[in-house]
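Chain naming follows the written order as A, B, C, D, E and F, and within any one chain the residues start at number 1.
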């Protein structure tokens, strides 16, 4: 029934290649099916003004799509003079999600910026960005710990995300673009490796939904994130 | 336990005054405790390019805060030269929410813009904007129907929203600013008058949450929206 | 002869409600007929760079119109990415006018920002903003004086403004929108409560004018401002 | 008493050199003492959307200052990404002033843009721009008439402007920069060659003023504009 | 003598992988040593207004660097609200260079946009963008020809570019970042596969240069481009 | 053969009038045929952050065109909200060129900004800007030396620029606008008074070129710059 022939609860093939860029303190290329996101983590020994002097660190994120990551060319945001509403919304989400897995006192007064640049898009770019972004963050933190700049591991748990939705009347896991553009209900679920929920967003796109459907989607998401966390652990091992 | 002395499941006093502005096709001033939002609905006999010729209409929203709606003066967005990420995120949410209660074919090829301007802020401005925005929309649609421009009522059901969160370890309904700024988990719940879910957003702000807590918050929200819909119905009667 | 049926030298009904917002140090809602402006005064204990260290304070103003304050919806300036020329011109005028009633040394090194937001427009919004803005400023200064932060009253005199113009060949006081859009000559007159002139702007809009007409308009304005000052005094008493 | 040694009612030396640029339909370099403004008039066979199809033309103006026209270098507005409030205010004034001398039906559906670029500034740049701008406009219109594109002269009368102010307690004509920066009251007076008033702006800058002072300034201005119009007539003869 | 141990006239290892993205009509990843650029070519069946109706096509380019392509993180241009001067200069150069190898009549009224996004930077990104950009362009044109949309091959010759400079007093080919940042003279040479020159830019960066040095650099460049063209031909074969 | 009737190696008449503005530390009006550029040099006793504390000075440049310097009116860059790509490219070039003639340690920690504003354009504005800009710079430096603020002359040599190109198949010196708009190859050559090369830019505009043609253009440029330097020396004597 799914355009890709997948089962309702079946994710796309996921791979995470680490250390793909030589300058970044942490980097990976995550592929979730045909969605490919390049994630880097950059350490700076300064924090934003609002936490200066608190002894706490900060994790923030930026998101972008290459102009031809999509099936028709998008206008380059740098050329149009600003980041669109969708971009701003997504990068705020990624930053918020990653911070929920960080002990900011253990991180110390430094900032890590996670950049997620979509090389190729086929649905689920924000979820792939969070999952890959955490891997880049983990690698950068490892570097700080190896150098002795940090003693206690500030990463409390993994952070991973997956989308679920109602497509053709059925609850399905990990929507690709053909599904995403047709789904009546669309959700993004961000969880930690320890099973705690970080962010749940479910949104009607044409159809509304019931509490029962909400519960079904939530269940699929928990299962999907469990798989993603296993892949993250293997990638950073 | 709550700073305001309210019970865990108790909303603030809500009032909706309609017809407060003479130019707008629909308008109301919604007060949810000390959060006051002026909502207007403006009808235009044109639609955005992407639906031109489809016979369908469009409902969109814009959101703003007056500079001194907050306890310290905010910079005016018109002066800083752009709408911030939070503003963009909120107005996209309001528009999406209202559209989920609209039969766009019945509306016909016209656009209704709902403006939500926060006069005074004390937490929950986006939820108040949605609840009040729907009232302004209802009044504008009534005008179109009375004039015979529309035959079938395009408003399928009411749309209302409420926030819930975990404050001091307890699930509470309708957070005011002192609660909102301290809450570990914060959620916005948008439902229709017929009980269908439109959008659910739950977000960890420091603390993460469990599925049980998620269910409790959802339950509080359902009860809160039921009350709001009753107030909406009375306001537009 | 006037669309409203008023006499040539008759102002619209004016009311000023004070203390309408809980956060601002000073606030009022001024209604001049159907023109409604929300005015707030916000105190900050810092001054612009160019007067730092001089012991003098500063009063500045910002002006905005809600998108549906007008008969057809205006584009939100925050969305279009900048304040238009008219807005910039008006807010510079309001600030300059209010400063002409202030002893800036007595105010001390602090800044008061007066925000004038037009809720509903029907002609004369800049004059209503000045008249209402002064009331908000007065209330904020009262607060500073009551708190003992200021000893000598820095407000030398009231500041109020009214428009006059030549409509259908006749000099009239306090133009409403139907008059304003047809007037051949349009003037704004800003005076102090002690009768001194602060700013006079008369402008041909289609028709030019003679010195005699200029004198007649000036005379009407003096009479109008006398009435406005009486209303201001009552409001802040 | 005046820094320049001029009498109270004495203008600076004024010269207008025409035809200084080869591309513009009309051009002149006006020198009012050390204030030098390059004025050009550019004809386009199109009008702004709001008058399309009305058979009327439009005259508009733009104003700029070269970065080193002033005693210390100003930031280039093109580099700072927008025209400042003062620039916007001045160019709106110039356009409004010039239009008051134009029969827009006689002009026909075309637009003339008058650019006023300040090469060197020593006070009174907006007045010099209007006076010089009219000359450029006259020359461009002459070209249209000579070519037979216009039959009836659309320029009803000359338009010229001068500043007056109260400097060291005395009413003086045509303020230069040292006077302008010290003047307690500052006014700009725009008149037509036939003596009709177009725009009067008097503004307190520290001191307020009385009606008697207002009348004295007005009288000086009428005398100054009479002289300027004579110079304009000679320049375009 | 060179930091990398290369001979004076020795280029870095160059590889070009084609077809790396599924959406773009043409794409490649070019690696010149540690400089990696992702190049895509996007076809649109429309042309810019200035050539509409001429029967000619257009080739244009855009350039960007991922924030962490560099050794310290750069600010994202989309976030800073505009493309910097260097970016604008480079993308104009790439477009101009590629057009010099195109018969725009043979291309027909369509536009091909070549996007060059630097994944990792180590000197020479603009030259790598041109060389890789041509390959993407070639692949997109092949697609048009295969589909029968174009009859005559519009690509007259290959276009490739290389940098040369004077490093530590010696003329060297293909500067990497350590050389580039120290070179006294820096040049970019763009040639066609048939040996014709498209663009030569030589620039003193601290040191000036003589005609003899200019000739030496030119000679190195010719040799470098010959090698690059061979690699291009192999990649698109 | 040339539209102007000039010989292939003949420059237009060049004049440089110095001291044309009273505020600038150095100024000149350079006329190269009908191309007229006003150049000023402004001294500031501060340097950009990146060289603070190094004891070195900085020379930078800005470039602009008056809206009606061209045959049809250009949009004012201040009004369109940003400097176009061409402007940015040119002003970077002017600054780089002038710095190549400056001993920045001898200049000391101060900045000189050279503004080049095109009053009238007829081809070759960037070259005229460099040649005239150097004269303004020389005059400003003379002022510093006369005042004893600088001991050792920081201007190592003159800097001048000329364009050459291939027009109608022939190599010609100093292209005017009719030639420039038709030339198949266009080059800008910046040299010092001592014959050293600073920047060479040759660019195909439709036609490509050979090394022999490149050499011919270079030869013409050397001869042209020799003449320009003689005129510069006379102007500043």
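The rule we apply is simple: a contact is a pair of C-beta atoms (placed from the backbone, for glycine too) under 8 Å apart; a residue touches a chain by one contact, two chains touch by 3 or more.
Every value quoted in this text rests on a predicted model; they were computed, and no experiment measured them.
Among the remaining chains, none touches chain D as well as chain F. To find the repeat of D-F among B-C, E-F or A-B, check which pair has over half of the same contact pairs by residue number; it is B-C.
The most distant chain from chain C, with centres taken as the mean of CA atoms, is E. Across the assembly, the mean Cα position most removed from that of chain D is the one of A.
Centres computed as Cα averages put chain C at a distance of 28 Å from chain D.
Between chain A and chain E, the centres computed from C-alpha atoms are 33 Å apart. Centre-to-centre, using mean CA coordinates, chain C is 51 Å away from chain F. Residues of chain B found to touch two or more other chains are 82. Contacts between chains close into a ring here, every chain touching precisely two others. Touching chains close into a ring; read starting at chain C and passing to chain D, it gives C, D, F, E, A, B. Listing the residues of chain D that touch chain F in their complex gives 21-24, 27, 34, 38, 40, 42, 44, 62, 64, 66-73, 76-79, 81-83, 87, 113, 115, 117, 119-120.
Only residues 82, 85, 88-89, 92, 96, 100, 192, 196-204, 208-211, 214, 218 of chain C touch chain D when the two sit together in their complex.
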